[in-house]
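Inspection log for the structure reproduced underneath, given as structure tokens.
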Amino acid sequence: MLPVQAVARQPATVTIDVETCKGCVLCVDVCPPHVLVMSEDVNRMGYRYPILLDGCTGCELCFKICPDYCFEVYRGAEDAAPLAN
Amino acid sequence: MLPVQAVARQPATVTIDVETCKGCVLCVDVCPPHVLVMSEDVNRMGYRYPILLDGCTGCELCFKICPDYCFEVYRGAEDAAPLAN
Amino acid sequence: MTGIGGQGIQLIAKLLAQAGIREGRQVMMFGIFMGMIRGGSSESTVVIADQEIVAPPIVPDVWGVLAMHPEGLPALARKVRPGGVLVLNSSLVVSPPAWDGVRRIAVPATELAKEMGQVMAASMIALGAFAGATGLVAVESLQEALGDVLPPHRRKLIDTNRHCIRKGAEYVAQRDMGASVPA
Amino acid sequence: MTGIGGQGIQLIAKLLAQAGIREGRQVMMFGIFMGMIRGGSSESTVVIADQEIVAPPIVPDVWGVLAMHPEGLPALARKVRPGGVLVLNSSLVVSPPAWDGVRRIAVPATELAKEMGQVMAASMIALGAFAGATGLVAVESLQEALGDVLPPHRRKLIDTNRHCIRKGAEYVAQRDMGASVPA
Amino acid sequence: MPTRVLMEGSHAIAEAAIQAGCRFYAGYPITPSTEILEYMSHRLPQVGGVCMNAESEIEAINMVWGAAGCGVRAMIASTGQGISLMQESLAELANAQLPCVVVNMMRGQGDYYQATRGGGHGDYRHIVLAPSTVQEAVDLVMLAFHLADKWRNPVDVLGDFILGHTSEAVEFKPLDERDLPPKTWAATGARNRASHNVTPLGAPQKLNLNPGDHYAAIAAKYPEIARAERRVESGLLDDAELVVVAFGSPARFVKYAIRVCRERGMKVGWVRPISLWPFPDETVREATGRARLVAVFEQNAGQMIDDVRLAILGGVPVVPIGGISHDHSGFGVGPALEPAHIVARITEAYQGKAAA
Amino acid sequence: MPTRVLMEGSHAIAEAAIQAGCRFYAGYPITPSTEILEYMSHRLPQVGGVCMNAESEIEAINMVWGAAGCGVRAMIASTGQGISLMQESLAELANAQLPCVVVNMMRGQGDYYQATRGGGHGDYRHIVLAPSTVQEAVDLVMLAFHLADKWRNPVDVLGDFILGHTSEAVEFKPLDERDLPPKTWAATGARNRASHNVTPLGAPQKLNLNPGDHYAAIAAKYPEIARAERRVESGLLDDAELVVVAFGSPARFVKYAIRVCRERGMKVGWVRPISLWPFPDETVREATGRARLVAVFEQNAGQMIDDVRLAILGGVPVVPIGGISHDHSGFGVGPALEPAHIVARITEAYQGKAAA
Amino acid sequence: MSTPLKKVSAKPELLLSTQHHLCPGCGEPLAMRTILEIITELGMRDRTICVCGIGCYTAFPGIIDVDVLQALHGRAPSVATGAKRVLPDRFVFTLQGDGDMVSEGLQEIVHSAARAEKFTAVLLNNGVFGETGGHMTTTSVLGQRTKTTMDTGRVAEKHGYPIKIADLLAQVDGAVYVARGAMHTPSAIAWTRRILTEAFRAQLEGKGFSFVEILTMCPTDWYVEPSETPDWIEQNFTGTYPLKILKAPA
Amino acid sequence: MSTPLKKVSAKPELLLSTQHHLCPGCGEPLAMRTILEIITELGMRDRTICVCGIGCYTAFPGIIDVDVLQALHGRAPSVATGAKRVLPDRFVFTLQGDGDMVSEGLQEIVHSAARAEKFTAVLLNNGVFGETGGHMTTTSVLGQRTKTTMDTGRVAEKHGYPIKIADLLAQVDGAVYVARGAMHTPSAIAWTRRILTEAFRAQLEGKGFSFVEILTMCPTDWYVEPSETPDWIEQNFTGTYPLKILKAPA
């Protein structure tokens, strides 16, 4: 299998569509710098959702593992080409 | 595959139910001493059938290959145990 | 036409029908055969007429019967019209039925075929005899129709079959068993 | 009882029904849920009576509603009888309907459950509140029925659930929102 | 099993089968019949029976064929799609004269034709029983096994989503079955007897190559069943000007609606066919003695109405007051089942506003 | 193809399909439909079409599903058993609104119910056409493709062993089909357009999650078809005291028998439904205007007779004069088809000796 | 002849009649005989249940002296499953053709093998639907002319490749014995008798699913004379379908 | 942050809506995304026909922006055959679950592979009938607890062995590309993206039948939390179903 390396490049961030989130926590588990934590609050469906702390590297792993298409990932312009894999 | 040897032992003979014979000639083709030949006549279904000439060894190959169960094989009493295979 | 599977009943029926078409007549044909291939009876009905055909495929009565084998013959007894013809393969139909007012024409088709080295061509011989005996279609029409009905992989047998048809027709001609079709 | 898949609606309905049986009453229950497992609405009707039940499984009107989620609530508007009760999970049903003559009892079940570290036990809390508020069955009957309805692999959760049921009942008791069943 | 237990319809059907001696079940999951499979997978091994998680409906019904052919009581359940897949087997099981019980937990009631007219090829018939409550489902499943053995023919039980998902307290009352002959025809290995050929192809006797006799014998059986096995329930017919005919779960709603209509002074009664084949045509005909109108409530585009009309043959007008009714679930729990809606439809018909 | 050629029914049906633009065929051998497959395997490639030797009936019908879903005219043929296996697909093809032609070369006429009442689950309908001669088979197959596209619904052609194995001279007369709309709904890759969802599950529009609308639209289509597509032939009705109703090949025998009966002085006429669904109930009803009795000849235990009775609703008595008739072949060419037998049955009915 | 002669071989005891409708030179009656002889040999007549498919061999259920469950086309493995599961001490075997097993009912046989059903499945492989008149099946070999591949023979591009079902089943956990024989020569028949016996023994010992494929001659649909069929098998069949044991219990 | 940020990843272009009813932590939406992204990448949107089976993934036909032929349960390969044969220049792929493909429709996929049909078949294998509530399928692994193997887990003696469909298909002549991926970790996803691309390419190059199995998480019916599913896959699935390429064109 191909190894997938977390790409650590700052500055970067993600947006999270918390209303479609189903609280599966998969994103939190894969985030290499552990900058995602689950909320205390619940969304309209009654699920907790992830909150982004500082330190996102824009590695896209959360994006890749989220079954509910909640993430968009933003990176500094110089790195903005989508990651190849 | 197991080799099957024609067992050559005299005296022996076969009976042929010529009315159920469908004339396929398979028995004639396998008979080692070539003592089966096809008739000129046809049976009630319109098929030629085999006729036994002298020299049957009782090898049972005709019996084994006949799709219409036409043969019975007879051998001298000392050899009368069914051939093992 | 009646016989058992493998005798080529359906083929000769088709040949007869096609010969009718070649002669510009109205034709209807219906074949039935057990299991479509193997032993068991095989039967085919051919209606050839100069006007429109009103009879259904299983006809109420028949005028000519071609029997290659005894199987199936008894069932036809009720249907044969007086004045009709029964052409039979006397090699296999050893005790043919006697039907009132029906002319019986015995052709040892299987034996004749054997003599020609073509056991399986018995039906062609019988068909030739049938045409010869009844004049329902011309023997030439049958011979021409062969090319229309034989499947591609059997085309090589056209000549043999033509020969067999002729042979059957000659057999009845020699014995003066011919007759014309009823009005 | 209405909510969405995964909230445990069918389970608490069964619990309520079983509690009714334990009390020797006549019970009929009917559950409907989209796709049987996943999101989408989930609804269950429980009829508990002292005489024979004549109503069909989809009842013409209801007296008590337990709403875990806003989905499915509007459809119930027509059915709720004046004098009835609506127990709702105020954590998720943020703008509850106002139905004429229907008493509204808001229980922040999801939040309470969260406080107890058991988000998924919200429905048990709500059920406890429903029983407490209506007196339809005794809270003790519910707690006892738990053993009858939990699947084997969830038995370990009996105690937690008992606790949640109690918690819900206490919530309404403390706020004096209880009431008795109509005649 | 204790005397009266709260069970949901699906589980009650499964338990009833087991109590009737069913020792083989094969099924493939499909809503709303899946719970029967779930229950069987757990319970059958406990009584020494076999539950097969078959890989498809066709494999399932043919496993049932094998078990039934060996003389074992066997059942299968599915819903529309799955039952459709089994049609070749269901038709030929009747030709093979194999007793078994086929449960169709319908989505709605659209499979009436399929069940009663033979969704499969040819002229076969299954006995079709349509329970209306969970208790009746229990009773009819038990009866189904009995009738299947009695007539050597498959018996269908036609339930639906509502029946399967309604829980009620039920009781299991085994039938007296001492009159049933032993299954001497089964394929069990020919110990101390002639060998058998258990076949749908019409030559069950060895060396008997006349399939016609066999088919004729089967064909002769159906009119007999038709005479013997009609079952029906009715009520409030004495003075009824309008008779509503309905079957299965919806009949339960209809009964309730009729009670409401009576309270409002309408002279309405009801007939509920319990056996859909044979259809209780005499009762339906007689029920219309005083009536001026017959209304048929069924959750489909109009299927049983054919049998009602065939029973009445123009004696009085017959109007449909049911229909396909769709909701989000697709499982047949549509708005047309609302008691208020049924009351309205009956009232309309009573007042002469329904279209024939 | 020359203008009039001698062809056996099966081949004529296949050729008619090709001339109607059929470019996909999938089949599995089964007597008496096999000859259609044989012909197609040879002919379709010659016209750039595809003939699949499918490994089973279920695979065959779903290959047809795929081709039809891409907008290509597609056909399948089989007989009873095979058609039974396809029931799930046949029902859902109607829900997916996929036009295709399904030929059932029956053994006898036992599949009338299956074809007209939906052997599958639910409330779908196929248009069912029943040719009586080889020429009519050709014409109806061509029409079938047209109607399938017109209504976006499967159309069945119900033939039988006799039709398949009768050879007659036929002519192929293509229809004018310019009124047919293009198949803009097909799945062909969403080039320059929004993407499609061709589905039986009731949500053909992307993002439309209300299957109810879809099913309602389909349900509304059937009464329209029923009004528009009734086809029937009749004869000698003017003074007929007895009307015989028959369909398919046997109707040909019946017509002949009626000619014989007329010659013997009986006032008998006939009605031959060509479309079995929709059933030409009005014609049947009108045909009984003067008649005192209607007799139904069908080669089964009594199936179409339901539709005849439903059409007449007790107006005059309806009696069966057909029946299952077995012979050694099992293919439905039994003694009941003998013209003399039919004449006898009609005479009996005419003289009032038939049992209702 | 001076010594009195004794009958050493005759029609199988378990055959009620020697008359059948199969074609001249057909290989299927040979396979049937071999099976019946082994059943007699192992003394299993009165605990045998034969589950028969639909093809030319359906001629046999009416003339063999063991209990038969006649299955629909393709369904024999499921029927056998039902039978063996409710009567686990009986000897259950299926008899299917290539059309029945590898075309119509492929999934039944693979699933049964995977479920480790303890019956023996016998395949009579002649590479055609014989009964319906000789059409291509899943096992027809490349190049084979059949009624539905008449113009070109079987061509991979159009008709796909033959499925070697024995090879496939040997891959399936649950199958314990898988072997292939044939009926075209006396030695092939003897070989087949051996593997059938081994397969039946595997069942009797409760080891799991056992399978024997038997290549049978179909002169009618191969368009050759019966006497040409042994060569036909060697030239067209045994390359794709070599006679061997593909899997056996350790 | 000083540099302006640019969006580098977002929901797939070919997804009309991100809302679906699948459970929290379900692996199927991940597989769907991967497929859609490759279709976009290869520029095939307007010649793609997706043939969808019936299972939880049937949530997608209504929200993906490519043409879909919705097939009945188990039948997708035959529907795809019909489609690809009449429109050979389109890109056709099937989407089926293990219940759909390896249980209900096993024979369709094996036959299609043997016929060398030139579409790509994608299997979403979660070892359960998810949609109906989590029952044993043919691919459930030994020991797996499902709603119909609740008391004992899957036991070979009673329930048989799992079918390794990829291994089986790799044996079939006609299949040119066969590989297995998974969705439980980002690296498994990347691997799956690679094999899917190769499979699609094999189709586009007209090489024959191509097949990709994808192990997808089903926390609901495995009775674990979503965050436990990656471990569950490693412990229970990849032993029986290792991620690898089983067959590739030379």
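Which chain is which? They are A, B, C, D, E, F, G and H, in the order written, and residues in each are numbered from 1.
We adopt the following convention: contacts are C-beta pairs under 8 Å (C-beta built on N, C-alpha and C of every residue); 3 or more make two chains touch, one makes a residue touch a chain.
Since the structure is predicted, the reported quantities are computational estimates derived from the model, not experimental observations.
Suppose chain E were not there; which sets of chains would still be joined by touching?
Leaving out chain E in thought, the network of contacts stays intact as one piece.
Go through A-H and F-G and name the pair with more C-beta contacts between its chains.
Per the contact counts, A-H leads.
By CA centroid distance, what chain is farthest from chain E?
Result for max centroid distance from chain E is chain B.
Report the inter-chain centroid distance for chain A and chain G in whole angstrom, where each centroid is the mean of the CA atoms.
Those two chain centres are 59 Å apart.
Measuring from the mean C-alpha position of chain E to the mean C-alpha position of chain G, what distance in angstrom results?
So the centroids are 40 Å from each other.
Can you compute the centre-to-centre distance for chain A and chain D, using the mean CA position of each chain? Integer Å is fine.
Spacing between the chain centres: roughly 37 Å.
Residues touching two or more other chains, restricted to chain D: which are they?
34-36, 39-40
So which stretches of chain G touch two or more other chains?
22-23, 72, 103, 105-107, 111, 132-133, 138, 150, 159
Using the touch rule from the top of the page, what residues of chain B touch 2 or more other chains?
Expected reply: no residues.
Under the touch definition given earlier, write down the residues of chain H that touch chain G in their complex.
Touching chain G: residues 103, 105-107, 110-111, 114-117, 138, 156-157, 159-163, 167-168, 171-174 of chain H.
Enumerate the contact residues on chain E facing chain F in the complex.
Residues 58, 79-85, 87-88, 91-92, 106, 108, 110-111, 113-114, 117-123, 202, 210-212, 215-216, 219, 222, 300-301, 303, 306, 309-310, 313-315, 324, 326-328, 330 of chain E touch chain F in their complex.
Residues of chain D touching chain E in their complex?
Touch residues, chain D against chain E: 14, 17-18, 21, 26-32, 34-36, 40-41, 54-60.
Can you list the residues on chain H that touch chain A in the complex?
Spelled out, the residues of chain H in touch with chain A are 1-12, 15, 18-20, 22-30, 33, 185-191, 193-194, 219, 225-227, 230, 243.
Which bits of chain F are touching chain C when the two form their complex?
Interface residues on the chain F side: 6, 8, 31, 34, 161-162, 165-169, 249, 252-253, 255-256, 259, 328-329, 331, 333, 337-340.
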